[in-house]
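Structures for review follow.
Both of the next two complexes hold chain A, though its partner changes from chain B to chain C.
After this line comes the complex of A and B, so read on.
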């Protein structure tokens, strides 16, 4: 046991090490760009140097002259063979080479294919373009943007939630605050480069690409290539970080497949790090306006949250976190509104903890400001406004352990040692600040199918097209199957990330553990039922005549009372050496076709806000910052988070998810931002040198507390997600700590040295 | 981070820059033709490579050692870290042809033939020092370099000297714990 393997408390699974750990530490885990392919041609993207206008000419002669170049694909090469991407399943509706119009910086203009990566790269650098350039709009504050209501622009965003009479309540509130907050553009920047490897086997296409949604991709890739979905196989067994970036199909994927078909050979395109900043998705920058009113004794009476979000011209991607912020506390009255600001930018998409990361940052920052206005401890202020029912529809929370999280984290952190007055705590030249905030994420769940193959030697193979993006779902799947069938975890193999496997939902919105586990529990239940029935109906067996439900599965045996029988003997009774159990899990609130729709690329995810009760995972994060009196250098010596996420499957992988999430929160508070040249609407810091993410030396003590929680009302398995939760609220806790240290309220992220000078 | 571009590479780079475009050897596969001999994980190899081929691309595309990862190709992320004559090196910033006669150790070369893991590999498993696992080979090689350089005496040093290796999953506290454990094991050995 060590810190990475916390002792399980009530309703928590053992901290077993990852079953793919050995593969990962020996370099044997096969990420999609590692797959060896014979006769491979290499492709390199050429991207636009302007953000708005039209390509008038592409000069390819110098590129074609590079030895080893095979072909250069441009808008003249498609010949109608590729449908435009469909926004939703695809990240954008902007086709890779569908016309010469430029919608954003770094748009795909050509694809150079060569015998070697060196030749392809050199040739790509020799392609030049002439443009008919127009003045672009970068986003907030730029001329030429178009602002539209999210509810009118997007079918996905149905409603601006509201309750009561905000205007009257705010006007009569004795204490009010009114503030704006800004979270900039973020890029996921998983360390694995984005890549597509495509080849054809007759009429069938194989795509190796890191994906968080293989069955969804199969359908959209097939649609773009005008072939049947069953002709497409997407393989993505290991994914080198995702964070949302590998959710929708990229504009490159089907194009690379088309090139492979035309050339009659495999093609691999590895996107360079700079190109990933414009050909992949990102977190939209958001601006928030919050008004809050409260009584003198700290009861909130009015809450208003308006959000503005940058998106592309053609696609209405909505972040839209007001459905969560509007339900967080017992506000009395609520008024929300979300707007999209259309600019000359690529289409944004989800990024770790959408949409809570930006929206809860704004809400929790406002909560801290109100606590200051009331001269009240921020934890006590939240306690006063804690809710048993959400204020929009008055539905109860399935469970609400928020204040337990606050109390546990506060105790561990030593919150009682904090003095209320800003700027009052020092250590030599370092100003000390302490802050806290709420973490919240809806408990989402989706349909999922699984096949479990149990053989008479007591080994099982679990097959589901879910996605191991680093969360540990392979390990959880093996651990749960072992527990359900009474086997050792070493006897379980797990196959994931392949459209040949039973369909699973997108790895997004923290639904995976709940969805996959529910499907496994169902399949294992059916296997146990078959075996137990065979055991009790055998005429002269030790269990004959007993209730099949009295039989338990333990250490490779069936056990009831003092009797036990080897698995092998039961298989003999069945007259078979193998049980292949295919099972489908469908959450109650979904349609009867929900699983077959999953195979057709459509997912019915049941959000935590749906149903008779609202279901959320909660947490509380406390952070200490040190700010140097002279240089304003900001350090985070420690951060403590306490989280309740229902049943915890494995305390090791759970802790790592939450720890990583909290460090993501530190990053959004103090490090990362995509910077733009506002004259050209182009990204300035398009690499890992200039796009800052924390390095090891930026991170010190990170403490994760797992708070026991049993919540059978969230879903039958009682499992909530954790991958998104840890990253929510952190930025607000840090901004509050910066205020506590300095008395300076910074409402624009990231908070850097220059934010604190002047 | 050590050994990103060695002094011996400088005349080579200068010569490459001076070479006129027309002097390029032609052929369907570009500039294949520079021969380089090196030892990979203890075995001798000879490659015929393009002068533009990085050590990273040689390992992945020519030697089939895909455990070494590409995260930026610009020396900014550390995912491609290997040991060159025992020194940690960013293989994306080293031309393959610069490695004549060198001994290269990659992630595939750390466990024994019998499959016993290097203490650093075992420590990464024990402390859950990875999530997606993509940066892990580079972290492990860098961790070994860090210990050998004597930069793993305390947490602050480990953090500082492991800061050339980005982990976007942010397993940093676990990586520090793993390097610390492996240091003890490596010192015992």
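After this line comes the complex of A and C, so read on.
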């Protein structure tokens, strides 16, 4: 055991190393753009240089003159062969070449196809356009945006949660705060570039592309190409980071497939880093207005959270985190409202903990401000307002270990050494600040199918079209199967990310571990049942006549009491060499067709707020910052987080997810922002030189505490997701530490030197 | 990327003769250009910013004048093909002039520093986002097209030495140490060799920001010579940036101090991250000479150093940050034990 492999506590699995770790670190994991394909043509996107208007002419002659250019696709090339993408399964309704209207900066205007990537790139650079340009709006503060209520704009966002009489409670509250917070646009920037490789085998299309939702994509790609879904195969076994960016299918994919069909040869399109800033999705910038009222002794009586979110003109993407923030504490009264601000921008989409990251940042910042207004320790303030029932519908939490997380993290961090007064802690020229915040994420679960093939030599193959986006699900699937069938993990192979495999839900909403594990447990149970039955019904075997449930599976054997029998022998009894077990897991609250819908690209995810109880994973994060009194650089020497996520399948992968989350949290607090040129609504920092994320030197001590928790009410497997928990709240903890160090309250992220100086 | 041809120069003579059409244009827009470590050249070629038709690789040239670090009592001579990491690792340089080594150590990443040459380093081009993305108007990349940064997102841009045509920052760190120590460069061209003060190599943008240096396209930097007075041992480079490593400076200060007791006998100050060219703050130096080094005199010097600053919308913080950086550097270097 070492720090990376924490010793399992109660209800936690062994920290087995990742089964695909070696492949990944030695560069042998085949990512979709690495797949060797014969006779490949290369495609490069040409994107718009304006954010709003119309293309009046595309000049292609100079591009066509580049040796090796095969074809240039423009809006005149589609001939009605491609349906427009459908917002929802697709990231946007803005078609790649469907018309000459420009909705946003860097919109796809043409696709150059050439024999080599170099020729395609050079030709793409030579395409020029004439535009009929209109004045664009970037977002907040720009003229010409349109603000609409999210409930009216989107069917997905059903209601603005509320409880009690906020106005009266706020008006009469003895202590109040009223503040606005801003989180900027973020881009996922996974290290693996976005890419599509498409080829046809007769009428059948094969797409290699990193995807978090292969079955969903299959259906949407088929719809755009006007073919049957079963003709499409999407393959995505390895994904080099996703964070939501590979959730919805983007407009490029079906276009590349169409080009491959027209040319009669495979086509690969790798999106450049700068192009990803405009042709892929992003986290919408959000503005939050919070009003909070409390009694002198710290009981919150009124909470109001209004959010404004930037989206594109045509698509009402809603971030909408008020359903979580409105339920977080025992507020007394709640009033929330979410608005969309339509601007000349691409359509935003999911990014790690989509609603919680921005909305909880605002809420937890406000909590810190209220604690200051009350002259109260921020941990104690949260304790006073801890809840057993959420305030909106009065439903109980399936479990609520929030204060346990606070107490464990505070102890490890040494919170008691913090002095209350801002600016009171110093180390030479460095001002020291300490802050904390709550992390929360709903425990979601979805239908999932799996096939487990067990052979008589004691080897098993697990097949499910789930997605290994780096979370460790492939390892967890192997580990769980091994445990369930009494095999060594080395005997298990896992296949994922292919529409030929049994359907699995999108890798989103941190549902994967719960959903896939539930399906595996079901399949393994059925396999054990078959084998055990064969063993007890055998005429004169060691288990003859025993209760099949008394048989356990251990070290490749069936065992009951002192008796044991090799798997091989049981297979002989069965008269077969293989058990191929296909099983479907369907959460209780879903419809009977939930699994068949999954194959049709529709998913019924049961969110943590549904049902008799509300189900969340919780955490508490504590952070220390050092700020130089002159130059105001902000350093984060340490961060401690304690998290409870129900059953932990593997302490190593769980820690890794939470640690990565906290690091991203630091990034969102101090580094990340997509910057715009407000005159043109265009992105200025289009690469990793200027879109900063932390490097090793920025990250010092990161401590993850896994708090044991058993929560059978969350779902039968007792598993809550962790992938999107760690980065929630971090930014608020850091903003609060910055305040504690300097007395400066910065309500706009990222907090950089320029926020603090001058 | 534009198709280009590539040639390996085996001798210095080959290299300078490869550039026959020297002409009047600056080296950065010539048809034939040199490549050393390639960390800037290949990057900007891929972006379509540098578009040479022919590249002359000077790495194969075996001459020791290009490749050695020669250190004497009074001077260090650095060959232009010496890699950044070689200098940062050099014990003599670390001892005799920490500022030189530190300005390199705090630049880029070790991988880049293993590849990048000193000659290429001092000629590195700006990182202005509007310069690097070819779809924006940019006077430096496309003379006369305008400057998108001027009223755009100009957080990283310069406040000193700017013009109405260009406000791009010169981002190199090493150059600040060189200009502070009044280094000189040895240059070889078709017309023969010449030597000039490093301070004269870079040109202010003025109304011709596309002309970045006084070099002609056929001219190769062969070496850099830096005189090392004993007091250069009391020197340092402070770099303030958005993250703790692998980032260009928002503000930096190269400082060397000749102290007699508390009194400043001589001082060298150069400022990075805030100016359009390597920037020596001579007036600030003058203000300190003969005075005791205190927070007060240091602050006064910093005020003077930035008195001509012209901030734009997003980079106004650089004025205060630049001053604080300089004060901190002066005080830190003042307290060094040597």
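The working rule: the second predicted complex is superposed on the first by the 758 of 758 C-alpha atoms of A that agree within 3 Å, B and C clash if a C-alpha of one lies under 4 Å from a C-alpha of the other, contacts with A are read in each partner's own complex, and residues count from 1 in each chain.
By definition in this document, contacts are C-beta pairs under 8 Å (C-beta built on N, C-alpha and C of every residue); 3 or more make two chains touch, one makes a residue touch a chain.
Everything numeric in this text was worked out from a predicted model, so none of it was measured.
When the shared chain is aligned, no partner comes close enough to touch A:388: not chain B, not chain C.
Between chain B and chain C, it is B that contacts the larger number of residues in chain A. Of the two partner chains placed by the overlay, only chain C lies in contact with A:757; chain B stays clear of it. When the two complexes are overlaid on their common chain A, residue A:416 makes contact with neither chain B nor chain C.
Contacts of A:696 after superposition: both chain B and chain C are touched.
By the touch criterion defined above, A:122 lies against chain B and chain C together after alignment on the C-alpha atoms of chain A. Legend: residue contacts after superposition of the two complexes on their common chain; A:270 is shown touching chain B, with no touch to chain C.
In the superposed pair of complexes, A:4 makes contact with chain B only, with no contact to chain C. In the superposition on chain A, contact of A:685 is made with chain C only, not with chain B.
By the document's definition of touching, of the two partners only chain C reaches A:676; chain B does not.
Once both structures are placed on chain A, chain A residues 118, 121-122, 689, 694-698 are touched by chain B and, in the other complex, by chain C. Taken together, the chain A residues at the contact with chain B in this complex read 2-5, 17-18, 20-31, 33-34, 36, 66-68, 114-119, 121-122, 188-193, 238-243, 270, 272-273, 469-472, 652-653, 655-657, 659-660, 663-664, 667, 687-689, 693-702. If you check the complex, the residues on chain A that touch chain C are 49, 118, 121-122, 125, 274, 429, 628, 630-633, 635, 671, 675-679, 684-686, 689-690, 692, 694-698, 752-754, 757-758.
Residues 1-3, 48, 127, 129-130, 133-135, 148, 151-153, 155-156, 240-247, 250-251, 314, 316-317, 319-321, 324-325, 327-328 of chain C are the ones touching chain A in the complex. Those residues of chain B that touch chain A in the shared complex are 24-32, 50, 52-53, 57, 60-61, 64-74, 76-77, 79, 106-108, 110-111, 117, 121-122, 124-137, 140, 158-160, 162-177.
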